[in-house]
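Here come two complexes built around subunit A, the first alongside subunit B, the second alongside subunit C.
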Partner chain A sequence: MRFVDEFRDAELGRALAAQIHALAEPGRNYKVMEVCGGHTHSIYKYGIDDLLPDQVELVHGPGCPVCVIPMGRVDDGMAIAERPEVIFTCFGDMMRVPGSERNFLEAKAEGADIRMVYSPLDALRIAKSNPDREVVFFAIGFETTAPSTALTLKRAKAEGIENFSCMCSHVTIVPPLRALLDSPDLRLDGFIGPGHVSTIVGVRPFEFIPGDYGKPLVTSGFEPLDILQSIEMILSQLANGRCCVENQYKRVVPYEGNVPALRVMAEVFELRPHFEWRGLGFISQSALKLSAAYSDLDAELRFEVPGVRVADPKACQCGEVLKGVIKPWECKVFGTACTPEHAIGTCMVSPEGACAAYYNYGRFAREKELV
Partner chain B sequence: MISPQPRLRDGNEPYCDLEGGCITCGDTAVPLRVVAVDLGRGLALCADEDDRRETVEIALVHPVDVGDELLVHAGTAIVNLEQRA
Partner chain C sequence: MSPAARTEAGREERVLEIIETARSKRPRFKDDRITMAHGAGGKATQTLIEGLLAPAFQSEALAELGDAGAVETNGARLAITTDSFVVKPIRFPGGSIGELAVNGTVNDLAVSGARPLALTCSLVLEEGLSADELRAEVEAMASAAEEAQVEIVSGDTKVVERGHCDSMYVCTTGLGRVDDRAALSTRAIEPGDRILVSGPVGAHGTAIMLARGELGLDAEISSDTRSLWPAADTLLEAAGSGLRAMRDATRGGIASALNELARASGVAMQVSEGAIPVLPEVAGAAELLGIDPAYVANEGVLVAFVAPGAADAALAALRSVAGFEEAAEIGEVRSEPPGMVLVDTAFGGRRVMDLLAGDPLPRIC
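The block that comes next holds the complex of A and B.
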């Protein structure tokens, strides 16, 4: 397939790995954060980690939209989902995110009408074919997914579908990155920038990272050669004393992003003053809610939600994993009490979560750490 | 290759495949080929390389022609790869 096969070429991969080895200065350690959960998944699926020199460490960032949803938010959704008149719809991974008492999958087993959808448009279709029920879409995701929700809400309004509403938990990528960079316990040398978020927001919003914090960022695709080349570009910047934003994923990502998508998001959403991120706490202006023009489609206004903050389980160290302070297998409950089948923390729920990626690809521990 | 849609268990119950990952929840988009365009409704019928078909929102990637390759996330085309070529 075009844009896929040529980016999985083993020979080219080995050549890129050799360049990375040549660029890594002896005695210097490099910590590179991949912001996006999709990159984490690719890194372990293709064993990219094994091709890198020991002194290059990949740190997994907060870019899994499922992993950052706090428990209280699940409980709020549950309060709506358990109403008898409601058909509650959400993406697949969201079904297994633990609330304080149960997850959506368990609530479904107990009789709540909760359905998994692949797109917000599917949820709207369910609303059209069930005019006597209230259909609520639980929207999660970064800027990649938000335009899809925005277009669906526009469509619902244009078609006058009154039994459809949205509980919006969309988040934005830049504020948590800034929060991470301000965090005192984090030392990073560069960033692998999120590829598909950048198709929407463009490359420009990341220029504050080299500008204000002096760290290079390379926007990267998701195939193994994409990620290897991005690491090579970051190390090359560091070796040559350069520091800027570069776009490795030019075949997909335009510098200015997707302008119609940004326009529709600006019409349908507005920034929340604060939003709680699991493990990272409250971050200002880091999430979206429905704008005043679309407030009639806001499920949080249509139904009563408790809005209670629920503390994360004490044993769970998702916050430290999300900040890259510890590796997943260093968490006390990793692979024992917390597994993909019985997740305590959200990083174990989604395959894009750092813990699930480690668990599913057998990265229970690293030999060099065991010595 | 990650499945472009949730897989179906017996009884047509959709689920997310842990191995492949849920493309909607991850920041993943898949390339799909346009089979037919319905400009009136702003939708296109698209197919993956195994000819599995789905309806895709195309408001963000105009203009779209039959045969174009689109990058699709959560049922919405976010990039027309022909325009990037």
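The block that comes next holds the complex of A and C.
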């Protein structure tokens, strides 16, 4: 495939890996966090960590939008989905996220009208063709997907579609990163910055990471050569005593981001004072809700939701995994009570989660020789 | 390695061992209700079959978990199989439910080394279905049967109220005679065997996905539905007893087929990602949708395991059959770690190719 294969060239990959090997100081260990779940997925899909020296460890960050939704939030969505007049719509990977009693896939089997959609506009289309039903879109995602939800809400309002509403669980990327960096047991040397989010927010919002916390960040694309090059750039900063934000993904990410998208988000959304993240707890101003002008389309106001906080399962150590304090396999329930089929924790839920990725792909990555 | 690092490596090893033990146990069916995941061909389907059906029916032939069961009578070896077709939409580029219903069952026989003899056909029709649509599907079945040289000898019809089925469902049962050259078993695969795939993968599932029109994506991709008997016949002729096992790579794609057989034979498989044939348009659609063609359903692709000495001849023979020119060798069987399928990525890394836990797309066949 043209314009894709060029970024997957194995020979260039080996050359970059050799540069990384050369940059890694003997005896020093490097922990680099890839913030975005998309990066985690690429790393496992292409076996990128196989090419890295043992002393460079990739830590999978909090950037999987499905994984971070807490159980109480799933329960709230479930309460809406189980109303007979409601058609509840969400992205496919939300279907398996555990609530306190069941997930959406199980609720669907029990009779709730829950439908997978590929875009919020599909949900709006369902609303138009079912005028006698209430159609609710369960919106998740970082700044990457928030603009498309915002545009859908604008269109719903402009067209006067009254049987459509949105349960907004959009989150923002900077507050959880700050929370991670503030945590005393954090052990990270640098960050692979989230490429997709940065296409919207730009590079500027990440300047505080080198500025306030002294850790380099390189905004990265998602092809294997992108990721290797970003790791090389981080190690090169560390080797040369530099510390700044660099943009490896210049072909897509402008420094200022996507200004029209940011404008429409500002019109439709406002920050929630607090939002609970699975595994990370409450983080101030880390999520979006519908602004006052759009409150008539807010499903949480239109329908009654329990709004009960459900504690993360005690045995689950997702928080520590996300901070890079422990590796997935070091969690007490990893692979036994908590598996991709029956996930307890956030990191096991979506294929982009750190534990699921390790469970599915990582186990034999280090065994170079097959018998 | 420092002592601390060694202890850590040991701990990781132990955790991995616990997981492997848990995985190699027969799965138990503990779910409260059937969800769409149970029909997806991944882990939930495996749990349903190995945890509920196989233990209840207690059949040696069933426990083999082949695509067809073997029955012996008066020295004749017969193979019997059955399949239901609920695909949505019922017509799609390259085929339709009727054609699929014939080829799907013929293929389950073919990969069991059985020459298809006869089919039965059971129709579940929704009240209100147009007679023209029904007629078109019946004709599609007739011509697929003629092409596969198999007779439809018996059948049944039922009609259910509107809304109780989606247009029509088709159930076919197939009877075949196990070929004298065939010594196939899902448990016969040995380290050193070569893994062949009969053609480009992922076309059927991708065609269905696009035909549903939910993705706003347009590409000229046709289902690969076809009879696999010519391919099976050729492999039996070229490899003889060197042909260990074959599998029809339908739901869950070649990834699921490889995993099922790695488990059944207690072997590891090493697949080279770059060697798996994928049509460029399928690769493009899969890229856009973020799915791996290895997990996408096929309706005319088999994987075959051939002893090393017979592999080259088998592949060359397969490539000479019309429709299978792009057959390829994609990997090799190893002994450790048993039950696992590992992929060498085209980029130079390695990863596990596991069964899917979720459901990429329901009702593809």
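Rule of thumb we're sticking to: the second predicted complex is superposed on the first by the 359 of 371 C-alpha atoms of A that agree within 3 Å, B and C clash if a C-alpha of one lies under 4 Å from a C-alpha of the other, contacts with A are read in each partner's own complex, and residues count from 1 in each chain.
Everything below uses one rule, namely that a residue touches a chain if its C-beta (ideal position, glycine included) is under 8 Å from a C-beta of that chain, and two chains touch if they have at least 3 such contacts.
This structure is a prediction, so every number in the text was calculated from the model and none was measured.
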Original post:
For A:Ser148, is the partner it touches subunit B (first), subunit C (second), both, or none of the two (neither)?
Top reply: first
Original post:
First (subunit B), second (subunit C), both or neither: which does A:Pro224 touch?
Top reply: second
Subject >> Partner chain in contact with A:Pro340 - subunit B first, subunit C second, else both or neither >> reply: both
Original post:
Regarding the shared-chain residue A:Cys36, is it in contact with subunit B (first), subunit C (second), both, or neither?
Top reply: first
**OP:** Considering only the touch criterion stated at the top, classify A:Asn360 as touching first (subunit B), second (subunit C), both, or neither.
**Re:** both
**OP:** Check the residue A:Arg8 against both partner chains and state whether it touches subunit B (first), subunit C (second), both, or neither.
**Re:** second
**OP:** Applying the touch criterion given at the start, work out whether A:Gln55 contacts subunit B, subunit C, both or neither, answering first, second, both or neither.
**Re:** neither
**OP:** Applying the touch criterion given at the start, work out whether A:Tyr118 contacts subunit B, subunit C, both or neither, answering first, second, both or neither.
**Re:** both
**OP:** Pick out the shared contact residues on subunit A: the ones touching subunit B in one complex and subunit C in the other.
**Re:** 1, 4, 92-93, 95, 118, 122, 340, 351, 360
Original post:
subunit A touches which residues of subunit C in the complex?
Top reply: 11-12, 15-16, 18-19, 22, 32-37, 43-44, 214-215, 268, 270, 280, 283-284, 287, 292, 334-337, 340, 342, 344-352, 354, 357-358
Original post:
In their shared complex, at which residues does subunit A touch subunit C?
Top reply: 1, 4, 8, 10, 13-14, 44-51, 92-93, 95-96, 105-106, 108-110, 118, 122, 224, 327, 329-330, 334-336, 340-341, 351, 359-365, 367-368, 370-371
Original post:
Where on subunit A is subunit B touching in the complex?
Top reply: 1-4, 36-38, 41, 63-66, 91-95, 116, 118-122, 140-142, 144-145, 147-148, 151-152, 194-197, 199-200, 222, 250-252, 254, 258, 260-261, 264, 340, 350-352, 356, 360
Original post:
Quick one: in the complex, what on subunit B touches subunit A?
Top reply: 1, 5-6, 14-16, 18-22, 24-29, 31, 49, 54-55, 57, 59-62, 69, 71, 73-76, 78-79, 81, 84-85
